[in-house]
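Sharing a structure with you now.
Chain nomenclature is as follows: A, B, C, D and E, assigned in order of appearance, with residue numbering initiated at 1 for each chain independently.
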Amino acid sequence: MAKKKIVTKRQFKRHKKVGKAPGTITYMGHRDATETKVTIIEYTDSFNKVHYPGDIEQIAAHKDTPTTSWVNIVGLSDVSFIEKVGSHFGLNPLILEDIVNTQQRPKIDEYEDYIFGAFKMLYVNENSELVSEHVAMVLMKNCVLVFQELDDDVFNGVRERISAKSGRIRTRDSDYLFFALLDSIIDNYFVVLENVSHKIEVLEEEVYENPNQEVAHRIQLLKKEVLKIRQWIYPVKELVGRLIDSESALISKDTKLFLRDALDHSYEINESLQIYREMAMSLMEMYMSNMSNKMNEVMKVLTIMASIFIPLTFIAGIYGMNFDHMPELHWEHGYYLVWGIMITLFIIMLIYFKKKHWL
Amino acid sequence: MAKKKIVTKRQFKRHKKVGKAPGTITYMGHRDATETKVTIIEYTDSFNKVHYPGDIEQIAAHKDTPTTSWVNIVGLSDVSFIEKVGSHFGLNPLILEDIVNTQQRPKIDEYEDYIFGAFKMLYVNENSELVSEHVAMVLMKNCVLVFQELDDDVFNGVRERISAKSGRIRTRDSDYLFFALLDSIIDNYFVVLENVSHKIEVLEEEVYENPNQEVAHRIQLLKKEVLKIRQWIYPVKELVGRLIDSESALISKDTKLFLRDALDHSYEINESLQIYREMAMSLMEMYMSNMSNKMNEVMKVLTIMASIFIPLTFIAGIYGMNFDHMPELHWEHGYYLVWGIMITLFIIMLIYFKKKHWL
Amino acid sequence: MAKKKIVTKRQFKRHKKVGKAPGTITYMGHRDATETKVTIIEYTDSFNKVHYPGDIEQIAAHKDTPTTSWVNIVGLSDVSFIEKVGSHFGLNPLILEDIVNTQQRPKIDEYEDYIFGAFKMLYVNENSELVSEHVAMVLMKNCVLVFQELDDDVFNGVRERISAKSGRIRTRDSDYLFFALLDSIIDNYFVVLENVSHKIEVLEEEVYENPNQEVAHRIQLLKKEVLKIRQWIYPVKELVGRLIDSESALISKDTKLFLRDALDHSYEINESLQIYREMAMSLMEMYMSNMSNKMNEVMKVLTIMASIFIPLTFIAGIYGMNFDHMPELHWEHGYYLVWGIMITLFIIMLIYFKKKHWL
Amino acid sequence: MAKKKIVTKRQFKRHKKVGKAPGTITYMGHRDATETKVTIIEYTDSFNKVHYPGDIEQIAAHKDTPTTSWVNIVGLSDVSFIEKVGSHFGLNPLILEDIVNTQQRPKIDEYEDYIFGAFKMLYVNENSELVSEHVAMVLMKNCVLVFQELDDDVFNGVRERISAKSGRIRTRDSDYLFFALLDSIIDNYFVVLENVSHKIEVLEEEVYENPNQEVAHRIQLLKKEVLKIRQWIYPVKELVGRLIDSESALISKDTKLFLRDALDHSYEINESLQIYREMAMSLMEMYMSNMSNKMNEVMKVLTIMASIFIPLTFIAGIYGMNFDHMPELHWEHGYYLVWGIMITLFIIMLIYFKKKHWL
Amino acid sequence: MAKKKIVTKRQFKRHKKVGKAPGTITYMGHRDATETKVTIIEYTDSFNKVHYPGDIEQIAAHKDTPTTSWVNIVGLSDVSFIEKVGSHFGLNPLILEDIVNTQQRPKIDEYEDYIFGAFKMLYVNENSELVSEHVAMVLMKNCVLVFQELDDDVFNGVRERISAKSGRIRTRDSDYLFFALLDSIIDNYFVVLENVSHKIEVLEEEVYENPNQEVAHRIQLLKKEVLKIRQWIYPVKELVGRLIDSESALISKDTKLFLRDALDHSYEINESLQIYREMAMSLMEMYMSNMSNKMNEVMKVLTIMASIFIPLTFIAGIYGMNFDHMPELHWEHGYYLVWGIMITLFIIMLIYFKKKHWL
């Protein structure tokens, strides 16, 4: 269900853009979803503060402060606001297009003064449906701009570490913040994979216990979900690799050590995904083999019933004939003899089927 | 249907050429399809004009004007006309061959003074059939030559942007025009993919509701269509990549930024196509599993009916025998007793099948 | 059929050679097939002549003439003659081995004074069987040596162009002749693919109309044929690529432009072959799904017949019993009542199967 | 079973970490599994001694002795202890994280003064279940630190060689010790593969003798196990390759010769694993084909029984009719004639089925 | 059968070695198979002689003679003897380990004074079983050491060429001898492939004529055999390639020309193997489709018999009822009428099944 909706939406949205000039900044998400909400977390080693800026100037002011600022913008439907932010922070229009294009595939673009990244934030919501949310991040000298589609996100851990001054985050620069956010996104992929793994286990059991068309359908949905996840996650390992090889002055050698860890996780995720994919394919195979088993069982019941009673009915039919001269009919124990023959036949058939392990 | 016709035509056409000298300029499309029609859109930042040139000299005149000209030639069957255009614009005969060869696979060739590209324009016509049309484009210093097979195209967006002066197009050179046209072609691939995605969804539903041979056939046609589309689209990402890496003076660094965006789209299209391909394969698998299900259901009905009534018929047969001495026949309630036994048996069988979840 | 024979022959031939010294010049084809026949086509821009040389010296004389000579040798069983040609033209013994080895896989070897190439000429004969013929070509400064297994070939187009002075061929050197021959070979691959495509279409129809074991067998033969063709055609694209990258003085820059076209065709052929391969695999899948369909249909007929008549027969059986006390038997309209019940039951069953869409 | 547990645990553990700061040293195994146990084997060419150090200083003392020390730490749940070891030996916190992360995928990280490696130790326990254990190793100038999850390991051979002074190990430096331990791990992969191979053979036999749902289930479990093993083993060959290419002064040229041998083994393991994977897939295929066979057999029994007795019953039915005028009923030998006809029919059916090879 | 034995042995052997020091020289074959037998063939252009040396010194003497010597050692179980040979010829212990390890995967190792190669000699024995035999070869300046597991080999052709002075072998150095031996090994792979191809053809026929479980089993064995052969043969093409690229002074430029030919053959073998693999997979597919066909046939017989006779039996049942008032029973021609109806029904059913092509 959830899956289907996503596909449809995606296709529909892209349609709106076909024929427009390249670089046109068109919002591709649920236009009426959320109104734009801006939060700025500013911190240094010794202090941290959360701002709720009222206008664009208050936001732009954080560009050049020596403190580290995390400008978090939720809701991408107000395109003109995004454009204003872009021009105040000096962003290329092509980037603005990517920010509001919620179908953007994961990418990293390096510019002279900033590094742009677009990713898919994946999480499982309270209905245990998979949610995919577009997130765009810009790393600048003293701040990180984060653009999110929806209010929910996977960054609470980072927020807590900043306010609680736990871990290294408060002692480091914006590049570490950028990494910490990216790391949160990647870490959450593990939760999503867990969800997939759980679904596989549930389906595995159902395939054994009660294989029916609905189970087959859910296996197909799972396969689609894995395909989708792979499309969103697969490019990440290459992008992180590119950040590590980057010569930009924005990323310190120290942060690169941490990025190498994130790279490691990306590889692990891809390998696990590959395994889940093969497991999902095995599920279908298993389903087919169980269907075959069921059919076999059905056929055995039919064969046993028919093979036993059709010959017996034939014998009864013989002595139901009305010929004038049928000596057996007049034997004193003819009737009991026929019963004897029929019971013997019955037992022989039972033994035969027993031997064939059909009983 | 549509699919099959394409394959046949293609094969047939190539046949005509086998044995001819390489470099022979042979039109490989529907020779009688369209007559040649030339339109020239000339523009600078400050003006734009559409010409309908009467002869070849009027066309050639646009080669050296400082304005940007889009020479659009529709209909490739008049080979001598194409040759004349080629010689006036100084094109290599090998290129001319590629221009009229409507089976040409996508390619980019760089020459000193111009860059030649051949692509497949894909769109869905009013009967929602997939149409593939050969288009060849030559980028020159001040003009772009476009050769199309048919009158329909995907360039209306570009035409509108030029005439309405919307977007950047009027302020830029011929390389941007070349990019804009290529971008239109690529953008339309999304529409084609959408169409594929829609077909998959429709088939998915039918596979569940009414799997029959006709559905299986349409799944196969879809698989073929995806194969074809892949053949046409797959090379594009490499070609765009080559344009970006090109050292030709014809493509400005600025335009390359836009090309990088187009490259991104090409990757996305290829990934989606890959997913649709796997979905199409899943459809067939699903179809087979549903067929199995149906068979199972059929077998269950047969088995239940036969297993219940064959033994009962046997009992009836017993008391239809004509033995002289069958005491039960003379019991006062013999008949009702037999009914009792048969109904009991019937109920036992029902319970048995209920337990097996066959009912 | 045709396919099988080829495989067997091939294997058998290789056997003969195992254990012999490497470089031993052993003919691996049909030893008695054709006797050696030599034709020389000599031409310059202004004249052309066909020679039928009587002895080896007359052949060797063409090595150093300034005219371009195409020395065409048909029939490879006279190994000593091939060796004489080799020594007169200064060919390495390893090449001679490859010339007479009709199982040689496609290859290009560059030597200082000449370039050696071995290819598979593929064509469809009058019985529309696929024929694969080994052809070896040596490009020298002023001549091209061509060694063929059989009299049939795909070079008639080139012969005509030389004698009719059509196309560029008469104005160019031996390297262009070499290319023209190679191009003929590659162009004919399209005809072979067409044949494959045609077979697929025929089988597609038969799979729908009358799927039987013979059709399944032909699908398998087709799959084998595609595998074989791929083995013969696949290396060509790399070999042509190597010629283009070659630094040999024998190939002019101009000819390389044409080779690039041939390379393009090789890619196209490989892509098409890939598609045909997947289509052939789909055919088998389709066959299985149609078999399933048929089975389903058979089962439905059985189930309907049995489900309707077994209960009715049971009712008839009831009233065929001979109990003394069966009141229904003595009712005046008992018989008609039973008919009524049976017809009612019959109709109910029909409605039930109608609802299940089994009718 | 064993398989499932592993998957579940793994997923659960990762969960605990999501949201924490990167570089947080969190133990991801069975926290209460083993308490930390440290053993140090110290040796030179001329002496060897086993230490059981009481405190961290006694351990750290081995860092700078000229003798070679193998510091073996079992039990990773006491994170603060691991951290102390880390700081005494000067290890990067990121490494400490990898040491206690028992889900770490295989990796090699080179630092200036040491080389860090994480591997999966695989072995088959007494219940012939596959056990995977995380092991981390640090190669330093004069010592090798080994961190293990559990008390069991595959290093007994190395211990014996040190104490018995057999092989080269006592005459060489810490890099050889590091290699010897790694070699033990890799060698044990062969034992695991053997176990897989044995399972395949057992399943192969069962598939032929008694294919049932439980066998199908075990085939699936085997496929999963192979997938898991591949995930753990696959990266090793690349890691060993990286050690060989390393320019670190810690690894002597001589030891690299041995590593090349280990690399060879890694390749062999991967190839075998690939074969086992394909065999496991063949098992499922075989299972399906045997199921089909069984079904065929069941159907044949049904068809033979029904085809023989249904027509005979029909004949008996005919002469059970009660028409007033049925001349055959009054023939003297009518009854025997009917028996004759029925027996003839019976024999004809038998011959027919014999001819069809159904009997 | 043969296959299974190989797998088991292999696994068992490796077990013996696990836990031993790397570089331990452990024989991994049939320890009691053959006793060691040494033959030396010494030759120059003008003479050749076969020696049967009595002790190790007589063998070692051939190391430094200017003649070319082929030291052939059969039987690898006497490890100490191999070690003595090793030390006299100055071989690295790691190589000795590889020489006696009969499970060694194919490899080439270059040392300063010699080149070591290990290969699998494959041949089909008199029972047409596939035999795989480990062979290790060392190329030195004036001699080639060959270590074989068993007495049988594929080198008779080389021996004959040396003694008969046929081919180039007597006029060339040890590198050509090394090549000639390797070429013999590779050439014999063709014989093995032939055997595979023959098996495929036989199975193909059986699949059509008599598909049963035993055929399915043999298809699986064939698939395994192809997997094994691939594992043994696959690395060869890379190894030969490495010899060609080698800069060792031991291999002359002239011999490299011949190696290039061997490389060509390796490629051909790999391609053929790939094709056989796909054919083997097709066999299984074909088997399943034929099983389906058989099932269909069985079901048709059942359906036809049941559909025809169940309704007829029902009619007979009707007139077997004992109602007092059944007018038809008293019609004069009632009985014949019923026969008429039944025959009509019978014919209608026949026509129906004829139309459905079930008859």
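Criterion: a contact is a pair of C-beta atoms (placed from the backbone, for glycine too) under 8 Å apart; a residue touches a chain by one contact, two chains touch by 3 or more.
If you want to know which protein each chain is, UniProt gives these names: A, B, C, D, E = Magnesium transport protein CorA.
What you see is a predicted model, and the numbers here were worked out from it, not measured in a lab.
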item	value
Chains in simultaneous contact with chain A and chain E	D
Angle, in degrees to the nearest 5, of the Cα rotation that carries chain C onto chain D	145
Self-contact between copies chain D and chain E, residue sets same or different by half	different
Gap in Å, rounded to a whole number, between the CA centres of chain E and chain C	27
Interchain centroid distance [CA atoms averaged], chain B/chain E, Å	43
Sequence positions of chain E contacting 2 or more other chains	288, 292, 295, 299, 302, 306, 310, 313, 317, 320-322, 326
Contact graph of the chains (line, ring, star, complete, other)	ring
Cyclic chain order - from chain B, heading first toward chain C	B, C, E, D, A
Residues of chain E that touch chain C when the two form their complex	156-157, 160-161, 166-169, 179-180, 183-184, 187-188, 190-191, 193-194, 197-198, 201, 204, 208, 257-258, 260-262, 264, 267-268, 271-272, 275, 278-279, 282, 285-286, 288-290, 292-293, 295-296, 299-300, 302-303, 306-307, 310-311, 313-314, 317-318, 320-326, 357-358
Residue ranges of chain A in contact with chain B within the complex	4, 7-8, 11-12, 14-15, 17-24, 92, 94, 97, 105, 107, 109, 210, 212-213, 216-217, 220, 223-224, 227-228, 231, 284, 287-288, 291-292, 294-295, 298-299, 301-302, 305-306, 309-310, 312-313, 316-317, 319-322, 326, 328-330, 332-335, 338
